[in-house]
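Next come two complexes, and both contain subunit A; in the first it sits with subunit B, in the second with subunit C.
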Partner chain A sequence: MALNSLGRQIPESFAGKKLVPYSDPWSLQPHAERSTRAIRRLSHNGSKLVGGLREAIIASGLKDGMTISTHHSLRNGDQLLNDLVKEIDALGIRDIKIASTSIHIVHAELIPYIRKGVITGFECGVNGPIGELVSKGELDCPIVVRSHGGRARSLITGEIPVDVAFLAAPYCDEYGNFNGYYGPSACGSLGYAQVDAQHAHKVVAVTDNLVPFPAVPVGIPQSVVDFVAQVPKLGDPKKIVSTTTRITTDPIGLQIAKYAALVMESSGYVKDGFSFQTGTGGISLAVAENVRAIMRKGKVKGSFGCGGITGNFVDMLEEGLFEALFDVQCFDLRAVESIGRNQKHVEMTAGTYANPFNCGSVVNRLDCAILSATEVDVNFNVNVNTESMGYLLHNTGGHCDVAAGAKVSIVVAPSIRGRLPIVRDAVTTITTPGETVGVIVTERGIAVNDNLPELKAELIRRHAPVKDIHQLRDEIYAVTGVPKPIEFEDKVVALIEYRDGSIIDVVRQVRA
Partner chain B sequence: MAEYQLRRTLLYVPGNMPSMLQNIPLFQCDGVIIDLEDAVPLSEKDAARILVKRYLESYKERNKEILVRINGLDTKWALDDLKAILPGIPDGIRLPKADTPEIVERLDTLLTEYEEELGLELGFFKILPSIETAQAVINATAIARASPRLIGLAFGAEDYTATMEINRTKGGEELFNARMNVLWAAKAAGIQAIDSIFSDVNDMEALRVETELIKRLGFTGKCLVNPRQTDVIHEVFAPKQDEIDYALQVMEAIKRAREMGTGVISLKGKMVDMPVVIRSARVLRTARAHGMVDIIINEEDIHGAE
Partner chain C sequence: MKICKKGQAGTVQSSDLMVTVEPADALIIEIESTVKKQFEHLIRAKLEQVLAKHGTVSGRISISDRGALDYAIEARLETALQRAGGM
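The block that comes next holds the complex of A and B.
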């Protein structure tokens, strides 16, 4: 065991790999070449169509002990990973590691295959029941939670060699050109899959919508795709994209959004060239709506909007408030429609978006970003991974990447959820280090990190309810009381990897 | 003029909802009316009363005016309501169905008894009576003078239209005479006039139109059913920049006048006297509440030193 710089106990190794404890957000340097894969030559005029999933698995040469990946652009509507694992099981293949871009609640169907030994590890974060069962000790399967940028890094450096990527291809031709813009499983941007297409040793495009050659615009090109498989259905369109993403009507949420917009206005960045990322939750959308009003009023011509894109962002682009949208994932129907027709709505790979180990990712160009939190502590550390019972329930997403990149990262959260205080002495799990978090906004007040003294002074000048974070915690504790700490066993069930590959925290089994 | 207290927005908070009560300090309205009457179902009257009592006892550092709407004095709950909540020291009582001055006088007497028992200054608890029936509208002038505890008259359009056997419309023409009667009664008695709730929480434009109307008529505030309505109402009541500029000039002019030993002075060819000063003071205090000016107006600035 070693203590990392945030005081978390990190084991020497996990699932057979030696670990590097986290020290700070900036100094860890890569010492690697870009990962390589075998160059191959397709026989002249050879066909890539292999049939269905089972044939694709056989053609790819998947064997016991290998690692596979899928992308999560179909979100909770994804059917591909579940179908794939069933076929892998039917072929008698065991000991498969999953290194998908994310795992959703719908993938609870994988649980029997984990018990059976078909799946023996996750090289990616998980949302939902798998993490819960692992936390309870009811499922034995090591998990390494990675951020979007960190996950891209791990493929690009070769830390995680993906043997076969099975990439859902909503609009695909027989020679493997595909995009996510059209078809029954349209999901818009394929930003996450781009990394797998470039770095997996074998790439299979899996489609439910084979179109005559060429499938244009080309998102992922024929030159990196080994095989094309056909399935009746990639997923449930209703769950792939939302028909609407809604702004909150909760008065507390709206109050938080108002304060967050005030923080941005006070930061001085909302002027020509302004860049911005926000989430897709109700409060984040309300913040975006307020920012939009501020930009309109000040006739601000922004630079770019970034991240998961919604119809609200599309409206701002079309209104001329931004020059471009960089889209790693579309969240609703209007975003999907927009990326298919507007060249200023740009598909961005996860690596370009957030990988810390390249010549500069898009998050580095962000002025302000809105982030969420499950818990925040008095050192501004944020937890988005584990919930109040200590169970691993959420993936990191781009949280720590965006916090590190943006000039002002603003965490918005209600001060109390149910009976639980959200600002606390210490967070259960550190996802994002406080050093990279600028401001915590709750309905009870705004806490500004000491590394942004000018912003703090400006907010006070504007009569904003600025509070020391300890005072904020005390006010919340006065309402909720201090929760009893969760008890954990010593056993580490999951790692929380920081974007640079060092280990910022671990998740331990919860004591029954 | 009575002591100046901003009551642009008085938010109803159901007395049986802990989550809403807990957020009272956070709402941006000028005051709240914790409701034990219509918002609370019959089966929860006792539970709500206990909850509100506990809440008031725990809410020490207050940042807004707290009124409690008790059940009508003709119901079996009213006395229990008062007994439970007055030791929690609310600022006052919103009295429903205040149809006659006698009803207000009766509450006044009860409040006096509690003030003695609790060792509070006589007249501590304020009363905001609801003018919400045809009878109350007719009696408004007498009701407005029924007790020195009155901070205003509150018009209740929903119950009023029910007693009139008519429907309430967004245009509000059917309320015009009643509103004017409430206004005249309140202004003649030197107290505030607070307008009714606007129940469609999703129609902000209609809320704005109605608030603009009642502001023009003379109401100083409005009750509301959802905190989301606060911003619109505050925006309507916010003074315009030229009003603020003029008010600042008036306060400066009257200060100079008093230094010269007079209470009247000419500003840009117009006479500035007490009514103009009072109006300007109101503008500046409202402007301060909106964060538009930093200046604090004291009673001495308005009336001069003795």
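The block that comes next holds the complex of A and C.
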């Protein structure tokens, strides 16, 4: 065990791998060449169609102990990973690691295959029941939670060698060109899959919509695709949208959104060349709506909007408020529809978006970003991974990447959620280090990190309800009472990897 | 104050709780809560305080809590006790 710089106990190794404890967001330097894979030469010019999933698995040479990946652009509507694992099981293949770009609640179907030994580890974060069961000690399957940028990094450096990537290809030809823009399972941007297409040792395009050659525009090209497989259905794009992607009407949410917009206005960045990222939560969308009004009023011509893209961002692009949208994943069907139509709505790879180990990712160019939080501590550290019972329920997404990149990262959250104080002495799990978090906005007040003194002074000058974060915590505790820390066993069930690959925290089994 | 029959108050919405009180020989408190791991001690203390205030020394008190604050716990429990004929 070693203490990392945030005081978290990090074991020396996990699932056979040596760990580097987190020290700070900036200084860890890569010492690696870009990962390599064998160069292939395809000697025929005919179809790469091999049949269905089973034939594709056989053709790919997948064996016991290997690592596979899929992308999560269909989010909770994805059917491919579940179908794939069923076929892997039917072929008698065991001890498979999953290094997908994310796992959603729909993938609870994998649980029996974990118990059976078909799947023996996740080299990616998970949303939902798998993490909960692992946290309770009812499922034995090591999990390494990675941010979007960190996950891209781990493939590019070769730290996680993906043996076979099975990539859902909503619009695909028989020679392997594909995009995500059209077809019954259109999901829009394939930003996450791009990394796998470039780095997995074998690449299978899996489609439910085979079109005559060539499938254009080409998102992922024939030159990196080994095989094409056909399935009846990749998933349900209607489930891309989570239930929360609507502007909030809750008065607390609207108050928070108002304060967050005030923070951005006070930052001085909302002027020509402004760049912005926001999430899909009801509050985030309300903030975006406020920013839109400020930009209109000031006749501001922004630079770019970034991240998971929603219809609201598309409206801002089409209204001329931004020059471009950089889209790593489409968060709703209006975004899907736009990316196939708008030239300035650009597909961005996860590496270009957020990988810390390159010559500069897009998050570095962000002025302001809106982020969510399950818990925040008095040192501005944020938890988005574990919930009130201590269970691992959420993936990191781009949280720590965006926080590190943006000049002002703004966490918006109600001060209390069902008795749980959001600002507290210590967070259960550290997802994002406080050093990279600029402002915490709640309906009870705004806490500004000491590393943004000018913003703090400007907010005070504008009579914003700026409070010391300890004061904010005390006011909240006065309503909720002081929570008892959750009790954990010693057993580490998951790692929370920081974007640079160091270990910022671990998740331990919850004491029953 | 005595619990003469079953009484119930509350909802199972977020930030609320459902309280059910029934006659029993001893005082039994059963807590189910979405925030149990962090707040069971405070929920129990609040329930005991309200029961003591009304002199209730026996009965089965079950709550299904969705993160209610203390004032809601107090109001729901008092209403359930009234409905149980004890007040």
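Note that in this section the second predicted complex is superposed on the first by the 506 of 512 C-alpha atoms of A that agree within 3 Å, B and C clash if a C-alpha of one lies under 4 Å from a C-alpha of the other, contacts with A are read in each partner's own complex, and residues count from 1 in each chain.
Keep in mind that, in the parts below, contacts are C-beta pairs under 8 Å (C-beta built on N, C-alpha and C of every residue); 3 or more make two chains touch, one makes a residue touch a chain.
Keep in mind that this is a model prediction, so the values were computed, not measured.
Asks: Check the residue A:V479 against both partner chains and state whether it touches subunit B (first), subunit C (second), both, or neither.
Replies: A:V479: touches subunit B and subunit C.
Asks: Is it subunit B or subunit C that touches the larger share of residues in subunit A?
Replies: When the residues of subunit A touched by each partner are counted, C comes out ahead.
Asks: In the overlaid three-chain picture, which partner chain does A:H463 touch, first (subunit B) or second (subunit C), both, or neither?
Replies: In the superposed model, A:H463 contacts subunit B only, not subunit C.
Asks: Does the superposition put A:T249 against subunit B (first), subunit C (second), both, or neither?
Replies: first
Asks: Scan A:R444 for contacts with subunit B and subunit C and give back first, second, both or neither.
Replies: first
Asks: Of the two partner chains, subunit B (first) and subunit C (second), which one does A:N364 touch, if any: first, second, both, or neither?
Replies: A:N364 sits against neither subunit B nor subunit C.
Asks: Is A:R419 in contact with subunit B, with subunit C, with both, or with neither (first, second, both, neither)?
Replies: In the superposition, A:R419 touches subunit C alone.
Asks: Show me the subunit A residues, by the header's touch rule, that subunit B contacts in one structure and subunit C contacts in the other.
Replies: 416, 479
Asks: Along subunit C, where are the residues that touch subunit A in the complex?
Replies: 14-15, 34-42, 66-70
Asks: For the complex, give me every residue of subunit A touching subunit B.
Replies: Contact set of subunit A toward subunit B: 249, 251-252, 254-255, 416, 443-444, 462-463, 479.
Asks: Which positions of subunit B touch subunit A when the two form their complex?
Replies: 22-23, 26-28, 226-228, 291
Asks: Note which residues of subunit A are touching subunit C in the complex, please.
Replies: 388-390, 416-420, 479-481, 483-487, 510
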